[in-house]
Structure formats: structure tokens, C-alpha cells
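Data first, discussion second: the structure below is written as C-alpha cells.
Residue numbering begins at 1 within each chain, and the chains themselves are lettered A, B and C in the order written.
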Amino acid sequence: MSYKFQFRDVLAQQDAIFDGLLMTLQLTAGTISLGFVIGLLVASVLVYAKPWAKTMARVYVEVIRNTPLIVQLFLIFFGLPSLGLKLDVVTASLIALTVNLGAYTAEIVRAGFESIAKSQIEAGISLGLSGPQVFRHVVLIPALKNVYPSLTSQYVLMMLATSVVSQISAADLFHAGSIIQSRTFRDFEVYTVVAALYLALSLFMRGGFSVCYRLLFRRP
Amino acid sequence: MSFVELKSVVKRYGQHTVLQDVSLKVERGEIIAIIGRSGSGKSTLLRCINGLEPVQAGEVWVDGVAVHDPASDMRALRAHVGIVFQSFNLFPHLTVERNITLGPTIVKGVSKSDAAKLARDALRKVGLEEKIGAFADQLSGGQQQRVAIARSLAMAPNIMLFDEITSALDPELVGEVLLVLEAMARDGMTMLLVTHEMNFARRVAHRVVFMNQGRVWEQGPSSEFFAAPKTEELKSFLSSVLH
Amino acid sequence: MMRELSGLDLAYLILAMRWTVLLTLLALVGGSTIGLLVAAAGASRQAPLRHLARAYVGVVQGIPLLAWLFIFYFGLAILGYNLPPWVAATVGYSVYAGAFLGEIWRGALVSIPKTQWEAALSIGLNYAEQLLHVIIPQAVRVAIPPTVGFIVQLIKNTSLAAVIGFVELTREGQLTTAATFQPFAVYLIVATLYFCLCYPLTRYSRQLEGRLRVIR
């Protein structure tokens, strides 16, 4: 068996790699920002709203968390047009990823809210803090601090999961792999390089989140 | 040689020296209470005796076995040295009976039926025979601690070590545990107790040892120890504790 | 040639679920084997083993599952093996699951308080006996809820095997869509079928977690 690994050909395709990387980063950033907001809102509904709203939020979370992301993506990109809503690949990707991350974020943040002991809230009220103030200082910030590891882990997983948008031909890093594949015919090397880039990205993200933790939550 | 002998023991955790040149002798049948502030090294002292903590210098001899020597057969020794911990440390996934029979069946090769009998006898001594099939989370703190004592007793130890065994208990549950200890004392068991229960120490212990800054600061017969402390540190400790 | 979406399509979709379940089971077997080794190494007293386990988990978890599938799919082809997609899929999923399961199980092992080890040591048990009689029984109880939770992830993840041509539920959905031009209906059915597989397990894992907390 003689096969010569040719990584140089793959590494020469810097333009495709760079464009794909950029798209992945943009999708990730967009998804995390929007997903966080959605997750926070839904978590608040899950814990504090009226029963009917809680049920709706619960249905959203359970449906998303118990179905695969790729199916959700296909439903939005291929399915919605037949209902009259045509979307381009990037918009469809963003919507699918955000809706998906929102559900996972909601569940994590909900657990965070519920982990704050009632005695803490009672202490806050006894000190004369108003409802919103108690929520912000006694519940929200300590809860986010507690679930920060789970949440950021989920974000890194989501960055890796964005690779699925390649299947609707969105030009992300993974899709760049198939482009390079068609140019160089170096299947194995291509995906090894792509994998290494994702690994680098995930390490970078983890490091970045570590730094953020210190900036956000450490006392000066 | 005494039954338990510590010779110039030094114990360090990283840069921090917990025991500095500690020497102590315990004879068979003696009941020793060890008191002192937190951080004085009293728990560490106890844990060095059954080899839970290795020592950096000095010697620890128990019943002729060199505990400080890694080559010693600790398994055989541990079958004769019972220890009861502050947080009981019962095995939550096993019944009371299995907690007690685990040691005898595995370490001593006792048969299941003999071990069951051992368990019943041990539980009778601590007054909890009827709880033989219960799990730890179904028992109160005082009951769990008594089961922990029974677990050690079932191994037929020559010496019992108690590491602040009543500190984690609600006040009303302390008495039932101390009663068990008094019965053991009457039976002639060699006992070392790290404790805050000063009245108990005064009543039951033969000798009291005061640990301070990692050293044996003062020791003496319990009759004189509390009434006439010799060192300043012991005086101030006693006055802060016996208010 | 377009045809109407019919009951027959629904039947084929439901039947395709068996491949999803099969792939999940294969991944579990392979993943558990690797996971046990990773957990044992990760919780061991030898530092080099711990580092090795951490490296394995870190690398596998830092690369998208799609990439692993493609690497094994193309990599195995290079080695001269002309294997069907399910082999590459099984290997890829086993490697992937092995890292996640290994991490869950390692976490369970080290969550058992040091005091349990000490109590077992103090009644004379050696390292192996401590593990066998005291530590592992407790670790298993702790590990079950997150393991069941991961099985749900695994079921969803098998949907990606469609991309390397393995015909499970999602691929069957793609094929049905191509034949009937009814993507919305088809993928809605596919999603519902996945939900039927996953939701009961999710509920079960939550029940287990609740029961565990009561015991503690």
C-alpha cells in the first residue's frame, strides 16, 4: 500500500480556508449573541411566568433538545419555502443555529436561576432591594457565574456544530473542505486539516472564555 | 515498648509543617483525650497513627508495627486499629449490616454467617440492633455515628481512634454516642480521642494531651490537667473553651 | 418523477428508525469500551495516564463529529479497505462517544468523596477492594443520569451519518423528500420520529437525577 500524504496541496488553498473560517466565526458570534438573549428570556419565562407561558416555553425547549440540529436546519431551509418563506443559506443557518442554541441556553440558565437559594432572595428583599434589583444582583449575576462553565462549554460545542450548515452549502469552514477536496482530490488530508483548524478554534474559544470569566466575575 | 509510640514525628503538607517533633506514648488500656485549637495538629496526629497520613520524619509504632515504614503490612494492622471519623463515612450504598460485615468478610476471611453474628453483637453494644437492615440516610446523625463505631468494633480492634466524632452532631444526639464510649472504656479498650467535649475528657480519660502549634504542649492526668494547667497557652485555651 | 407523500413513505421512514437505533447501539458498545479505558486512565494515580486521557478527550471533543466521520470514512478508504459507510460510522461514533462517556464516568469516579476511600482503607481494604466494593458501586449510581442524557445526544448525532451515505432516518428523509418534493411534511415527520425516540429517554434521565438527589 503506497499512499503519499500531500498536505501541501491542501495548505496552499488558503483563500478557501480563510473564507470558510471567517464564515464559521461570524455564524458562531451571531448565534452566541442571539442565542444567549433568547435563552435568557425563555429561562425567565420557565421560572417566573404564568403556567400557560411556562408550558409554551417548555414545549419549545423539549422539541429543540430532542430533535437533531440537521433536521431542524433542513426543516427551515428546505421546508419553509413550501410555506412561502424562502431563505438564503446564511439566514437559514443563523435562524436554525440560534433557535437551537436558545433552547440549550434556556435550560442551562434555568438551572442557574433555580440554584439560587430562596434564602438569598429573602435576604435581598429584607435589605430593601426592589424586585428587579433582587433579580439582577441576587439571582441573575450569581446564576450566570455558577453556570458559566456549562454555558461556555455549550458555546464551544455549538461552534463545532456549525459545521452542519455545510450540508445546505453555506460557505463555512467545513464546506471549504469539500471545495478543496474537489480541487486537490486529497480527501483525507483535507479533513484532517479542517479538523485541526476546528481544534485550534475550540482551544482558542476555551481560552477566551477563561479570560472573560476573570474579567466579568472576579472582584477588582 | 508502649502499645503506641510516636518518636519525634514531623508531618508536612507542602511548605506547611503540621506536626513538629511530636513524641507520645500510649499504654494498653489507657484512655487519652487530645485537645487543642483547630490547626494545632490533633487530627493529623491521629491519622498518622493508622497510617492515613505518611510522616516525613520520626517513627510511629503501633503494637510493634512500624507504621512509618512503607514496607510494613498495614492491612493486618488496620484490622486491629479502629478509627471513627467526624463525618461518620458510612458506605451509603450498603445496609448497616453490610457496612459492618464488609471488613471481616474481605480482610479477615470470616464466613457470611459468622460475620452476620459479629454485626449483631457489635450493633447490640451500640444499642442499634433493630437498625441492622437500614441504610445510612434513614438514620439520624447520632445513629450513624454509633453504626460507624460498631463497624470498627466488628474488626475486634486493640485500639480505637476517635477523630472529633461528636463535632458534627446536633447537641441532643451527642449523649447517646458518649454513652457508648463510656461503655467501651469500662471494657478496658485502649482509646485515643480527639475531642472538644471537655467534661467527657475530664470524666473518662486517664490522661489529656494539649496540642499547640504542632507540638505536644502539655499533658497530664485528667484529674490535675483541667484544675491546674501549667502553661499559659493551655490556661488561655481552657478559659476560652470552658466559659 | 414526483409522487404523492403516502402512508408507504411514512412506513419506510418508521422502518428507517431501526438503523438509527442500530447505529446508536454500535456506537454505545464501541464507545463504552473506549470510555471505560479513558475513565480508568483519567482517574488513575499515574500522572502520564491521566494526561493521556485528558489529551484524548480534549482532541476528540474539540473536533466536529462531521469531521471525525469524514476522517474515518476517507482514512479507512486510504488504508485500502473498501468498507461500507456503516463501518466508518461505527468507528467514528465510537471514538466520539468514548471521549464523552469517558469524561462522564471519570467525573463520577472522582466525585466520590475522599472520605469514602479513607473509611474503606481504614477497615483494611486494599486499592482494588476499595474500588470494587465501595467506590465503583457509588460511582455507577452517579453516572447513570448523565449517561442516559448522552445516549439521547448519540441518537440525535446519528443523523449526521446520513452525510456519509449511511441510510438511517435522516437519510431516508432526504430520499423521501427527493421523491415527493414535500420537504416540510417529510422533515416534520422525521423530527417527530426522533422526538419519540429521544423524549422518553430525556424524561427517564431526569427522573433518575431526581431520585439520586433524594438519596444524597
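Heads up, the rule we're going with is that a contact is a pair of C-beta atoms (placed from the backbone, for glycine too) under 8 Å apart; a residue touches a chain by one contact, two chains touch by 3 or more.
Just so you know, these numbers come straight off a predicted model, no measurement behind them.
**Q** Looking only at which chains touch which, which shape fits best: line, ring, star, complete or other?
**A** line
**Q** Have a look at B-C versus A-C and report the one with more C-beta pairs in contact.
**A** Pair with more contacting C-beta pairs, A-C versus B-C: A-C.
**Q** Going by C-alpha centres, which chain is most central here?
**A** If one averages C-alpha positions chain by chain, the most central is C.
**Q** Starting from the Cα centroid of chain A, hunt down the chain whose centroid lies farthest away.
**A** B
**Q** Determine the centre-to-centre distance between chain A and chain B, using the mean Cα coordinates as centres, and give it in whole Å.
**A** Roughly 53 Å separates the two chain centres.
**Q** For chain A and chain C, let me know how many angstrom lie between their CA-based centres, rounded off.
**A** Those two chain centres are 20 Å apart.
**Q** Need the CA-centroid distance for the pair chain B / chain C, whole Å please.
**A** 47
**Q** List, in ascending order, every residue of chain C touching at least 2 other chains.
**A** none
**Q** Quick check on the complex: what are the chain C residues that touch chain B?
**A** Within the complex, chain C contacts chain B at residues 115-116, 118-126, 129, 133-134, 137-138, 141, 215-216.
**Q** Which residues of chain C touch chain A in their complex?
**A** Checking each residue of chain C against chain A gives 59, 61-68, 70-71, 74-75, 77-80, 152, 156-157, 159-160, 162-163, 170, 173-174, 177, 182-184, 187-188, 190-191, 194-195, 198-199, 202.
**Q** In the complex of these two chains, what residues of chain A are touching chain C?
**A** Interface residues on the chain A side: 1, 3, 62-63, 65-72, 74-75, 78-83, 156, 160-161, 163-164, 166-167, 174, 177, 187-188, 191-192, 194-195, 198-199, 202-203.
**Q** Within their complex, state which residues of chain B touch chain C.
**A** On the chain B side, the touching residues are 50, 52, 75-76, 78-79, 81-83, 85, 87, 89-93, 102-103, 106-107, 137, 151-152, 155.
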